[in-house]
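My questions all concern the structure below.
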Amino acid sequence: MLRVGMLTSGGDCQALNATMRGVVKALSSNVQDLEVYGFLNGYKGLIYGDYRLLTAQDFSGILTKGGTIIGSSRQPFKLMRVPDENGLDKVEAMKQNYYKLRLDCLVILGGNGTQKTANLLREEGLNIIHLPKTIDNDIYGTDMTFGFYSAVNIATEAIDCIHTTASSHNRVFIVEIMGHKVGQLCLYAGIAGGADIILIPEIPYDIDKVIEAIDKRTQQGKGFTVLAVAEGAISKEVAAMSKKEQKKYLENKKHPSVSYELAAAIQEKSGTEVRVTVPGHTQRGGSPCPYDRVLSTRLGAAGANAILNGEFGYMIGMVNGKTKKVPLEDVAGKLKSVSPDDQIIKEAKLIGISFGD
Amino acid sequence: MLRVGMLTSGGDCQALNATMRGVVKALSSNVQDLEVYGFLNGYKGLIYGDYRLLTAQDFSGILTKGGTIIGSSRQPFKLMRVPDENGLDKVEAMKQNYYKLRLDCLVILGGNGTQKTANLLREEGLNIIHLPKTIDNDIYGTDMTFGFYSAVNIATEAIDCIHTTASSHNRVFIVEIMGHKVGQLCLYAGIAGGADIILIPEIPYDIDKVIEAIDKRTQQGKGFTVLAVAEGAISKEVAAMSKKEQKKYLENKKHPSVSYELAAAIQEKSGTEVRVTVPGHTQRGGSPCPYDRVLSTRLGAAGANAILNGEFGYMIGMVNGKTKKVPLEDVAGKLKSVSPDDQIIKEAKLIGISFGD
Amino acid sequence: MLRVGMLTSGGDCQALNATMRGVVKALSSNVQDLEVYGFLNGYKGLIYGDYRLLTAQDFSGILTKGGTIIGSSRQPFKLMRVPDENGLDKVEAMKQNYYKLRLDCLVILGGNGTQKTANLLREEGLNIIHLPKTIDNDIYGTDMTFGFYSAVNIATEAIDCIHTTASSHNRVFIVEIMGHKVGQLCLYAGIAGGADIILIPEIPYDIDKVIEAIDKRTQQGKGFTVLAVAEGAISKEVAAMSKKEQKKYLENKKHPSVSYELAAAIQEKSGTEVRVTVPGHTQRGGSPCPYDRVLSTRLGAAGANAILNGEFGYMIGMVNGKTKKVPLEDVAGKLKSVSPDDQIIKEAKLIGISFGD
Amino acid sequence: MLRVGMLTSGGDCQALNATMRGVVKALSSNVQDLEVYGFLNGYKGLIYGDYRLLTAQDFSGILTKGGTIIGSSRQPFKLMRVPDENGLDKVEAMKQNYYKLRLDCLVILGGNGTQKTANLLREEGLNIIHLPKTIDNDIYGTDMTFGFYSAVNIATEAIDCIHTTASSHNRVFIVEIMGHKVGQLCLYAGIAGGADIILIPEIPYDIDKVIEAIDKRTQQGKGFTVLAVAEGAISKEVAAMSKKEQKKYLENKKHPSVSYELAAAIQEKSGTEVRVTVPGHTQRGGSPCPYDRVLSTRLGAAGANAILNGEFGYMIGMVNGKTKKVPLEDVAGKLKSVSPDDQIIKEAKLIGISFGD
């Protein structure tokens, strides 16, 4: 008899269901008596004992289904040690619900914040397996996270669509791509979509360099320019501010996002008409792409394998093409981000892409 | 020898190239000596004599290609009779360029505004064939315009993606769909995407009815609601204003578009978290869908047929499944819009979709 | 209280679920007590009393889901009056199961064969609503059937893929498209995919004309040719045979399908290398396209409307853009097929497509 | 002044254009005087001096375009040393054309066979850069080849479509996936598509084990089974034959491919109805997926970098996420294939996928 709890936490992405299916298919193919409890809406379900006993039926046909069949929510790590409005000790509550169901382990799907809480629960003595989910691919200790390439596909498709209309109208177009702190998604979608300029949080931009790049294209007789801009793209001026000044600046800015601000700046400085597109949450939705389905299935199977071997306290990562058990304590709290020295950045610059730096 | 001019005008859409290919394949299959002149960037090219002699090579492989190989621009009809900054009489200039190239006819692809200028040129004695392009399907005298279903596909895909993330997070989502004056695109994409609430310009909404519809879903245990909202959706209050008041209201509003305004209103009145997605110009881009390719090919062939028969002054429409020559004078200046009494609206309401009225 | 039976019969297609959802959403939005019984695997479920009480949950999220949640099977009309292997009178059994569940009506989704049995049940006194499903669009009395455009999309995508590889290798490619008796699907996909030659059952082909069309392209410097060939495409020789001879011919032919036969003939007569692609059942699968989802939702809503009004014995068709109740007795047993004189055929020929005739 | 020759050889795939664009964008961004010569239709163009001077225009907008703008053909390595029908020494001819154009290097895009000839030309003293193209991902010395994931996407989509129809009809479906010698494509598409049974050349199957796996699903109440079968899948009996016997066996078999043979065997042994789908060459076509576009752009840029540094005689591979120069002499003639001991195979088996062994 094996009793496994499962939860999905944080912003959703495309292959959560595929990953859970991988875990459960592997366990049910190898364990006689298996009980899987799905905690609803992330850690909230674990805290308040809101769960559902999941059957084989629940996992049938979900390989291709976006979203998560057990719901998700954001529960900030920094509030985990803070009692809720009724004075409930959340960590204690989670442990109690774990023990009450006599779970053998808890499989947690989520990103960086989720991972920190997963590690906390590990420190508290629970058997934890973490599976790295995020469209940002910013989890330390794994080359890839599931959700990333599905989001790249959707963001790239948006750039593709913009390309045909941009070339018909000789305009400057900004496509705003998800990524507040890390620019991986924007970088990959930008390259895949053939963007001329890519702006990411890790490489603060100089507005004059951006306009220079646009002008250069005009001089080459190319009537349009496409910019892939991460939500968290930041100008050199703002990057140079103190945290306090930055905060104040961001609170007072009049544009709903960096893209609109950038569009206004380009229009003002160069007189060119600029259009903004915000694919937004579509980047988290839809059916996972085949790449993600294979990745998810492998991570899920490797997670199940760890469970079957009684090995806990790990994130299952993909490292150099192989699934790998990575100790949670080694990675929790660390962020993987783009470096201006990365080979891919140099290659992008080599083919003429401007990063506005 | 046949000499044909061609131009694409107004906001671009997906099957402009497919339609031009249809015309030219039909002409070149049936005429020995054919010369096709493409005026660049819409009427601008015709006014200023900016054109390119197009070859068979130009039309090869463009059936599936979005955008327009000869560029487009918006040239408002109401300025056509107004001289340009250098005092040039635009209508006279267009006629001169037509005659200078000894054209047998001019094929014009565009929407309502384009059509009005096409009709003006017809009145001035030019041989005109108009092919109805627009993602809005708001051209009077044809059941369908090319570009519409390709845009429906992209808008629906956005709603599909939002659906998976909405259901994972129990949120209210607004997807803003193109359409300032006419709600066809939003209506079709809304139904196709399974939107719960559809707001279009032709049916002013009551914010309380919108919230009521959201609450009803919550009561039914459905944690999320998806709204498809046309750019030109309008509340009953604003609809009731005089033109002057409306203009003033729109100038002073603080949100970049109706969706953000609506989101704020819902959040304020109901406390629910609302997210906005704006697919924007992606709805005009990408490869035309098969429906549009067939439509475009047929309209193009029928246009060519009219040219071969020396029949001019027509828009080629699709009426009850058949291509049809529609006199430009009968349709220019008229708009086709959704009526609250349309059968499709009643059917949508029957299955429980709210229009906020 | 309203008690409705439902079944899906014949080869499956993409919008069966969307259509059933339309019916049920409309009924449940307008009827207090609704019971929906799904007979499993087509008429088989009705004959043998194999059914499931369907809940709102069953219809949630299925708008975009291919296949049918209640299964399907082919039950030839001509065997309906023939007792089964145990001597069971099938028609009597269907009536008994209908009455045993005290159904108010039976909603039947299917194609031509299905419709004949639906009409038989109507003649036997049951309350029937038929909804026209088929990828072939060959049902008399409706302009369009759901499933058709989704299949067109998949078949066109196959041709699109073949186009890039064909043009790289200067080869002749045959894409075999579903359609044994009727060529609509092949015709539309062929035009949408830019096929150079389209062969359909309604227009028997002359192999020499086919080779002539290939040669003509070679002479024009186009190194490749793409043929869209319907499963039921037939040569003039075979078309001229008596039924008996035809049957004998088909039994003895050595190729698995017409495409392979045609490929061999082209290779033998012209020496050109020919490749065959058979998308096969993929044409029936996947998520329904937005066009089909709107069509299905409308037909479903109109079907529900008829039920709510107590109007039975109809197929719900789409005629000139409007849903319409069409008496089953007027249409059952009739087939809609392509005529060589159809406007679309003439338009296709005008742009240079060869039909091998 | 830099003079670069370029050719694409072997079966085409999706990101050939994207890769060439990467090379040329990088070179033209960094070299003042650049001349790029495209040899037409693979080595054939190099042998017979059939080439075209390519301009920036040629490389514009081709990132998303399938096929190859300079054509391809298969020229077996083993015939390179054999004079052609006119007695022409092919290797000498290639060298002469290289020197006649005073090329600084030759960029060759292709698979295993292409690579062998590329290495031969290196041995003959030409400056060679090889870029690894193939939908099979079977090139030794690189983790990934461009074309692979685009083909995985198309093959997976076929399985997805089959899934909905299979589940509606309770049937066994075989999807035949490209791969004569290597099963990577079938393996990845099979896992991504949720196939129940995957048969690849590297793991000979036992027909009884295959039927056992189908029966097991039936016993679990799952009415359908989907098999992903590589073109080169082989039974244990045939695998055990001598080369001679195998050849004889393959010559005499009556089915057009392994899938039809397998279908017949399953039908005969188990009585189940089996349907076969052959996506065929569609797997090589269409627009490259974003994964491939990033890979191609990086490999192209890295190839250009090598050229700029005067480093020749390399394949540019992707190893552990980084582009890398791999000496041609180390890899030419070697094949990368799936091993039954690969981690991914074990993971696939863990979740219950049968390989028929």
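First chain written, first letter: the chains are A, B, C and D, and each begins at residue 1.
The rule we apply is simple: a contact is a pair of C-beta atoms (placed from the backbone, for glycine too) under 8 Å apart; a residue touches a chain by one contact, two chains touch by 3 or more.
Since the structure is predicted, the reported quantities are computational estimates derived from the model, not experimental observations.
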- Can you name the chains that touch chain C as well as chain D? none
- Message: Same residues or different residues where chain B meets chain C? The copies count as same if more than half of the interface numbers are shared.
- Response: same
- Of the other chains, whose C-alpha centre is the longest way from the centre of chain B? D
- Provide the C-alpha centroid distance between chain B and chain C, rounded to the nearest whole angstrom. 31
- Query: Where the CA atoms of chain B average out and where those of chain D average out, how many Å apart are those spots?
  - Reply: 42
- Message: Residues touching two or more other chains, restricted to chain B: which are they?
- Response: 160, 163, 167
- Query: Considering only which chains touch which, how would you classify the arrangement: line, ring, star, complete or other?
  - Reply: ring
- Touching residues on chain A, where the partner in the complex is chain D: 22, 25-26, 28-30, 61, 63-64, 143, 149, 152-153, 156, 160, 163, 167, 188-189, 191-194, 289-291, 293-294, 297-298, 300-302, 304-305, 320-323, 343-344, 347-348, 350-352
- Across the complex, what residues on chain C touch chain D? 8, 12, 14, 16, 41, 65-68, 71-73, 154, 157-158, 160-165, 167-170, 173, 223, 256, 260, 275-286
